[in-house]
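So that you can tell them apart, the chains are marked A, B, C, D, E and F in the order they are listed, and the count of residues begins at 1 in each.
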Amino acid sequence: MPRIDQRAHDQLRPVDYILDIAPHATASVLIAFGNTRVICAATIQDEVPRWMKIQGVSGGWLTAEYSMLPYSTLDRKERDSSKGRPDGRSIEIQRLIGRSLRAVVDLKKMGQKTLSLDCDVLQADGGTRTASITGACIATAIAFNRLLEKGKLTQQPLTKKVAAISAGILKGETLLDLCYVEDRDADVDCNLVLTETGDFVEIQGSGEEATFSQAQLDSMLVVGRKGISELCALQQQAIESAMKPAQPQDLQKLAAFFGKR
Amino acid sequence: MPRIDQRAHDQLRPVDYILDIAPHATASVLIAFGNTRVICAATIQDEVPRWMKIQGVSGGWLTAEYSMLPYSTLDRKERDSSKGRPDGRSIEIQRLIGRSLRAVVDLKKMGQKTLSLDCDVLQADGGTRTASITGACIATAIAFNRLLEKGKLTQQPLTKKVAAISAGILKGETLLDLCYVEDRDADVDCNLVLTETGDFVEIQGSGEEATFSQAQLDSMLVVGRKGISELCALQQQAIESAMKPAQPQDLQKLAAFFGKR
Amino acid sequence: MPRIDQRAHDQLRPVDYILDIAPHATASVLIAFGNTRVICAATIQDEVPRWMKIQGVSGGWLTAEYSMLPYSTLDRKERDSSKGRPDGRSIEIQRLIGRSLRAVVDLKKMGQKTLSLDCDVLQADGGTRTASITGACIATAIAFNRLLEKGKLTQQPLTKKVAAISAGILKGETLLDLCYVEDRDADVDCNLVLTETGDFVEIQGSGEEATFSQAQLDSMLVVGRKGISELCALQQQAIESAMKPAQPQDLQKLAAFFGKR
Amino acid sequence: MPRIDQRAHDQLRPVDYILDIAPHATASVLIAFGNTRVICAATIQDEVPRWMKIQGVSGGWLTAEYSMLPYSTLDRKERDSSKGRPDGRSIEIQRLIGRSLRAVVDLKKMGQKTLSLDCDVLQADGGTRTASITGACIATAIAFNRLLEKGKLTQQPLTKKVAAISAGILKGETLLDLCYVEDRDADVDCNLVLTETGDFVEIQGSGEEATFSQAQLDSMLVVGRKGISELCALQQQAIESAMKPAQPQDLQKLAAFFGKR
Amino acid sequence: MPRIDQRAHDQLRPVDYILDIAPHATASVLIAFGNTRVICAATIQDEVPRWMKIQGVSGGWLTAEYSMLPYSTLDRKERDSSKGRPDGRSIEIQRLIGRSLRAVVDLKKMGQKTLSLDCDVLQADGGTRTASITGACIATAIAFNRLLEKGKLTQQPLTKKVAAISAGILKGETLLDLCYVEDRDADVDCNLVLTETGDFVEIQGSGEEATFSQAQLDSMLVVGRKGISELCALQQQAIESAMKPAQPQDLQKLAAFFGKR
Amino acid sequence: MPRIDQRAHDQLRPVDYILDIAPHATASVLIAFGNTRVICAATIQDEVPRWMKIQGVSGGWLTAEYSMLPYSTLDRKERDSSKGRPDGRSIEIQRLIGRSLRAVVDLKKMGQKTLSLDCDVLQADGGTRTASITGACIATAIAFNRLLEKGKLTQQPLTKKVAAISAGILKGETLLDLCYVEDRDADVDCNLVLTETGDFVEIQGSGEEATFSQAQLDSMLVVGRKGISELCALQQQAIESAMKPAQPQDLQKLAAFFGKR
């Protein structure tokens, strides 16, 4: 059965990015997994939470926040601040983003600094949490590189890159990187967070109102590893391009990003 | 290396239970995984959420709440209601409990009823979420049986039993059912939710500030499956005992439960 | 007119207790006044509120919290934390519990410690606040005794025992220790908190949508004093039994507690 | 020992009132017990709470709110709305005001109307809850009279007047109507709510960090009854004066009220 | 076209005031613009916000709060604290009051003190924000004078008086000091805050669902300046009267204030 | 004295825009006033607020929300949802945006629809509210045009364009469109909202800790009118470009937007 957008079962959606969309952050990236667009910003500040000072914990701190902009969904979504309380799903995702990055950042090498990762979804079409983690890693890498360059860090705190992707079972078939419609109809949904060296940081497989077998889990891991490996190559390219001045060919990327209304 | 309580690496802690600790619930159980004690209550009410009525969704509804009583931890924990906002970790766990039970309950067979699952931790020593799911399934099964007996349900909505257990990697060794100290020191923590037929409902593996390999994941699945299988046998026994009048030998269980101060 | 459960007008419901139901607390008791069951936990921590330090107030602090577990009532009660704000009735009761215990605890003798009293209602059938106060005093006494034994306190801060009971006027008759149905139908409801020496700590008499005479108040005081006196004897027995190792005969108590589903 | 303001032990502070200080309410009164000043407003609206309509409960509804204006205390008090949550003490007092008035109002005679009683403390010098209840009864009586006059009510819902006063034990002596300094230093504090016919609506006696004997309770009831009787006479006069056009001699009252800066 | 209360187009409503309605404040005034009544209280405390101490900012602080009492409107208005969150309009107005007074107070001359301005609306009939600012300036002036007299201030922090008034366009005509009905029907509403020397502190002109021309703006400024000038004269008289003992002729003012029910 | 970025005193910063940055909205624009970048999204939904249905109000509804993304400021700003309550300044600005657009939208012509305007600041460098209003008008115009094209609207609800700009007095000189540093140091700040025909929708002039003269107000109006006129021309161009397919020359705009890191 062909996929809704004709992709192969183990094929990622097109992954694009624009660097420094929010220049007041230490580093930021607007990342797209197909129609899913997330602003990922890394802000590094010269202070740590009060409890770390009180308890005398050395090193830095890393925290993450995730939010869907109200116009990111097809039906406008009410703001968390209007509701006066955070959304359960948002809290779960931002905890996942935080754990994922903490697995590859050596807080001891950050000094008395806090890295805040903000992931704001501009357009939601499935996979917002995996795009958030993948983009947050790009922003984190660039932010650390900038502080190293300015001498504000003396050691690289990022030990390796981390990326995330979804896999799922839909009508018996194993798919990579599900879009919203596929995700909605899938029997099983699995989010994988792996390092560039192929180690797990997190695996979350869930059969909402369904169950799945060991063989199905294994098949999702196979396509997932393929996707992660491609994402890590793209991350590398993004991080390197931030070291260079903006290039003319970036124009093509921008056009690809915004020219499709 | 021996475990802190001398258990074998793939051995569960003693699992005990007391039925109907909170008789106003349709069914309730105080379940213990070693020193971890959770009150799991299933309350079935003859109404469904407003949105289901408005949208004309047929069948029933299932919702879960999880909370740690303030005296369940070694350092007293502030109440959520005192803080005026829910705790991120609690929200994540109650969403997991809800998903786990919805995977084995056929909501269509419930009629216009809501099943509320409340899991309140009386004593926390690691594994509170797995004890919650395992106990919530017992309470759910007994609650449905009681409504079937009274003719308030005509079909059994519970399609199969579900249980949960943790596995982890500590100093390179794969352990089953980690207590608090093991969990705190573990490099990798994995929570498994499986049905009695061995299918996955949920897998959540996480290496907070660490990563893990495919081989390590596989080893955790092996011990996990063993634990789930033993838990399902205990669930069956608990569900059956609720069908019988209270027996004298229950006294031994109570003594085992409360006699150890 | 006979009472709903055939008790004499001035007779308490059966009062039972299980010690150390929540072992992470310094002391805890599950107390039952008939079908009303409350978990009362006393936790002593080595710190005092910030304002005491700032203002240089010496001695310790005592605070109380009261909450109904959602499955404690016949119709499931929404959690305070779900509502995002505390319940007026709960706040009023926890303030009463705090005042009652502060009247018999010499804070100066506690050193720089805080005693937190948590009362969580497991089953509500009238008299939850009186069971809470009576149980909180047991837990407080045992907690102080344990700290004295370990040398963490040098003086006994508890000056005397305190207990509480309700009385009311129903269809012109004065009743002791009202259960829920009696309480709902009563014209007058009176909660009495007295010390073991017969002095008042608190009296709260209220005729919701009704009034009462001096003679009626006097008659409620008479039955109330009788009930308090019996409760203080039971408290003494509970406190002493905590000093001894768990006894075989406790089994009978447990059976009485949990064997009646 | 003489009192701080030379009053006899069983003497009220001067009680003054200004009617209709907030003319948009159905009736309002600024009542003073000495330096304690409370705005009591009764607003009657032609609707009842949603739950009454849904449950088909006939008759009207009565609700009360109590708040201290931030400049009512010697040290400015933060607003409840700034803190984002209600104050425990305020909730307790507004529940008392509501119960007190419901005891003397026949809700069935109100029709489908809601009476909202708002008590805002303008100056706090002890006894704000007793002044609130006493003033709320005046405002309620005048509000009902006005609706009867306009034909919007056909029966008088107020069955009798209710008033409240405090009594206490300070250095062994029984005092009536304690001002702030007396209240702060008192060993025992008792709030009495009685009808004009001498029946109790509510009695709340409390020995914060102290206890009291039966004889002390009795002595507080004696002075309290004297005070209530005097307050009911003043209420009657206020209610009657609202029926008449404003009189020249009111000027003297206003001067007494505001001329003492 | 005549105005609803027969005033000339450029005529203020009668402006009255009663000083020290809330004596625990450093200074307070109940100010009336026609039927609009606002309690304005100035409280000066010997401390500054934490952030000022941390940042080492010298001088004092000035903050304002605005609230409508629930019975101030024809339909009773829910309290902000009941809603659990502040009202957008209230926040906007209290920010305006704060800015207006900060423009005429030299914080450096206040020492380490905080001036809290509380404006509570007792009766709302249009122009509550302009009455609040005008009354807050009176209370501020008197409060500073009292501290100067007691030697707690050595310099006068109030550099000049500030007053506020509304103007508007209704059916093509320019009106001064709109009452509620005029304000509701007006096409354009303009609030002016000016000093006694005729300089602007704030101008806020708004055509909700309408627009206005330069000529209309100019005409509103003309009548507004006339009103401000009259208000400043009244402020001067109020401030001076606070320096004198209460006079017999004040009785006439009180009668005018409260004699019209 | 030259301006910080060498602009003439009455010169706007470069104004750029990218259309449809958030394609799930009915229309959206990322607008830039110099370094200030705001995402303005217009979402039209087929429903109106509950109160409109209950009160039987015909026509549509328009509401606005404004928020600063946490990484929009040089020092990271805490999210409103983390604080659990909305920010006073944000509320004030979103009320202004709503009023500004309601002045030029004929709600009667919208049918039973709600237009939600969301303005999220991506980068803050002064003038975020004026950029928000100006961009919100572009998004509104395009959104209405799209619905007209699809036949979901039969009449154009937008009666004319509206734009906003700031003016201020800095060291005695009148400046147009202040950037953050100019705004911080200015003595007077004035926000002007005018229609394309030169009528006022809103004027807000404020001298925080300062005052300003009539002549200064007049000079700000002069430069402000010039800026508004230029903005309206740019709005027209943006609205028209949305009617055409994306053009190659858009690439230059994108490069200008994002090529400057």
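Note that in this section contacts are C-beta pairs under 8 Å (C-beta built on N, C-alpha and C of every residue); 3 or more make two chains touch, one makes a residue touch a chain.
Bear in mind the structure is a predicted one, so any value in this text is a computation, not a measurement.
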item: Listed pair (E-F, D-E or A-B) duplicating the B-C contact set, over half by residue number; value: D-E
item: Most widely separated chain from chain E, with each centre as the mean of CA atoms; value: B
item: Mean-CA-position distance for chain C and chain A (Å); value: 52
item: Chain C and chain D, separation of their C-alpha mean positions in angstrom; value: 31
item: Averaged-CA centre spacing for the pair chain D and chain A, given as whole angstrom; value: 60
item: Junction residues of chain E - those touching two or more other chains; value: 84-86
item: Category of the chain touch graph - line, ring, star, complete, other; value: ring
item: Ring of chains, enumerated from chain C in the sense that reaches chain D first; value: C, D, E, F, A, B
item: Complex interface listing, chain A residues touching chain F; value: 18-25, 28, 35, 37, 39, 41, 43, 45, 65, 67, 69-76, 79-82, 84-86, 116, 118, 120, 122-124, 246, 250-251, 254-255, 258-261
item: Of all residues in chain E, those that touch chain F in their complex; value: 85-86, 88-89, 91-92, 95, 99, 102-103, 195, 199-214, 217, 221
